[in-house]
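Chain lettering (A, B, C and D) follows the sequence in which the chains are written, and residue indices restart at 1 in each chain.
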Amino acid sequence: MEMQNWKRVLLPYNQAVDELKVKFKSIRKEFIALDEYSPIEFVTGRVKKISSILEKAQKKNIPLEEIEEKIEDIAGIRIMCQFVEDIYKVIDIIKARDRKDLVVVEERDYITNTKSSGYRSYHMIIKYPVQTGHGEKWIFAEIQIRTLAMNFWATIEHSLRYKYKQNMPKNIQERLNKAAEAAFLLDQEMAEIREEVLKCQESFQEESNL
Amino acid sequence: MEMQNWKRVLLPYNQAVDELKVKFKSIRKEFIALDEYSPIEFVTGRVKKISSILEKAQKKNIPLEEIEEKIEDIAGIRIMCQFVEDIYKVIDIIKARDRKDLVVVEERDYITNTKSSGYRSYHMIIKYPVQTGHGEKWIFAEIQIRTLAMNFWATIEHSLRYKYKQNMPKNIQERLNKAAEAAFLLDQEMAEIREEVLKCQESFQEESNL
Amino acid sequence: MEMQNWKRVLLPYNQAVDELKVKFKSIRKEFIALDEYSPIEFVTGRVKKISSILEKAQKKNIPLEEIEEKIEDIAGIRIMCQFVEDIYKVIDIIKARDRKDLVVVEERDYITNTKSSGYRSYHMIIKYPVQTGHGEKWIFAEIQIRTLAMNFWATIEHSLRYKYKQNMPKNIQERLNKAAEAAFLLDQEMAEIREEVLKCQESFQEESNL
Amino acid sequence: MEMQNWKRVLLPYNQAVDELKVKFKSIRKEFIALDEYSPIEFVTGRVKKISSILEKAQKKNIPLEEIEEKIEDIAGIRIMCQFVEDIYKVIDIIKARDRKDLVVVEERDYITNTKSSGYRSYHMIIKYPVQTGHGEKWIFAEIQIRTLAMNFWATIEHSLRYKYKQNMPKNIQERLNKAAEAAFLLDQEMAEIREEVLKCQESFQEESNL
């Protein structure tokens, strides 16, 4: 495919990422403005690089003309949360808009089912309608929802995997596993803090209701 | 209404303005990326200030609880074009997405029907669905479409009207009228250049087709 | 020069444009926040495209290794004003920071000395220190200061010149000249409105001082 | 102090935060563009809320007219890194521009000297010259440099401290300490991964030099 054609193909994905970023950032702004706790800490987005699209197509044996129906993460949104619990609130918020401004196509729960690499995250595949200057176009997008600790680990794992491709040295692989455990531990400590805080609030409210 | 309540009321309007700005800016980006002429030069947006909402409500005798159904420009988007012709292209682009991501409610053509003040612009009132963290909410928004020259004049007229309220001195009113004419003249000169350019292109293409 | 080298050369120019845009936009924000009239209406910036740099280098016979010392508008900032008078206020603001965060190298007054094409604008060439991750680097930047009407005309003239290169048809050239006159007329009408407004304010203040 | 005066006081701080954010984000952009590893992961900034300034002034017995000389974190920039090692690279980058576009006034190393609360971060107090529309003004700013894990913990600690003020329940304080340890552990695991990776690179380069 020539550069100008790639541009034409990727434009609606860029537009979708821009729109979805604004939309999910608005959710956070709303909670903050109302002095409520926001389950969303921050939001990033990206369109997959052409080289990565090609690599994935080759690996999965996808012909070039089927890329748009078969590769579901050309548009990617990442939503970071403080607590594991928040992830499930974000999932509910997204499901509540199913068949409104987006359609939820699939969910992949890598939190309950941690990947063998140690990767944890909740993925939702959506279909999203983009209004272009040349008409409407429905595209796939992947939303990844994760805690800051999951994100931290995944960022580093990704850059190492990218560096070593298939040949990650065994000692580094082992280190990564230990780091995944440390990240998991941090999330657990945080969850316990959260519960403790909620318990304190309740007992405080019971007292003041006496 | 208390400040915290105003915040709650205005939040979806802020969100709508953010989303609509991104959406219309994308249209421009798309044309530019494809090396096509963009009928959109730039896009701005704003949520009406609380003081201006109150002023308008009082002037039009609208009770506070009906503000959201009766004041249609709490959310405002402004789209600037180079040529008068472009305005009609933008109108078509917006109409093409009617009942997709927005609903067109009303159109007011102050270009054919210049206001007595000299004001020229094309207004579209739309309904827009905002997905908040607490559910879907449909709001009104006003889209103003105008040339750079129309915008230039309107900006200055607005600040003078704001300064003098009902008591604009007669000599300044006369000057404003002359400036409105100068702005109109500029748009006409531009339209003629545009036609000349198109004519040249056609005759050039005919020649190269021989 | 290879792509990766161009990137390396242009990076500090991109950084300078980002910084200068923020800096001049801040000036506007400041006036607005203090409820004072802002002489700056809006600010844009761009880094010259590689193809345009090469074209200019060829036309002016500049060898590739002297591009950075000889081409002074690789980084460009454009400041738009409502009134011609505002341009001179902006010039004063920039001169006041000479030898603080920038150095003024040269000024070109195409307002008093309109170009034969009809082009009007005030240009300032500055030197600006960029702090990169690899140390300090001083680069040239060009600041263009103009009214909205000047900008409007220049935008169109630029796209036509780009379209026709050296061969602009005579009738279009004539149309452009007429449009330049219309833009000039609009600026004059605006200046007269402004004076009228100021006169009204003075006589009003004299009255209230009686 | 009245609202309008607060605005006037805080304006240069807002401007400084905007400028410094752009400047440090540029550092990251530069590394990324050159395909080099960026020691900066992301950058945030904020101006202290008026209520927090007043609270700090009262607590530290600072009279209102000395706020600007005595409170050094009215403007705050936060730089997040992946690895503890990166923090020291960022410190070097900042020191390299000392007496160029900023002046380093003080450094506080809460990484070597962890606070009793468990807080870890590297703080630099700088003086920064802001060019306002009304002349130059030097202000203080605080730069906090930390890993993602440090930031994660600090964010939660801050919201709990804000919630409980002086009366944080003992069990929650204990939980926070355990979380601080978990965050520290995660940073250590990450540092070891990093070293392992560097070692692998070296042995690889030695081999390829044979």
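The working rule: a contact is a pair of C-beta atoms (placed from the backbone, for glycine too) under 8 Å apart; a residue touches a chain by one contact, two chains touch by 3 or more.
Everything numeric here is computed off the predicted structure, so don't read it as measured data.
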item	value
Co-neighbours of chain D and chain C - touch as defined	none
Interface residue overlap between copies chain B and chain C, same or different (over half shared)	same
Fitting chain B to chain D on CA atoms, where both chains share a sequence, rotation angle to nearest 5 degrees	180
Centre-of-Cα separation between chain C and chain A, whole angstrom	42
Between chain D and chain A, distance of the C-alpha-averaged centres to the nearest whole Å	26
Residues of chain D defined as touching chain C within the complex	4, 7-8, 11, 14-15, 18-19, 22-23, 26-27, 29-31, 33-34, 93, 96-97, 100-101, 129, 131-136
Touch list for chain A against partner chain D, complex	41, 82, 148-149, 151-152, 155-156, 160, 163, 169, 171-172, 175-176, 178-179, 182-183, 185-186, 189-190, 192-193, 196-197, 200
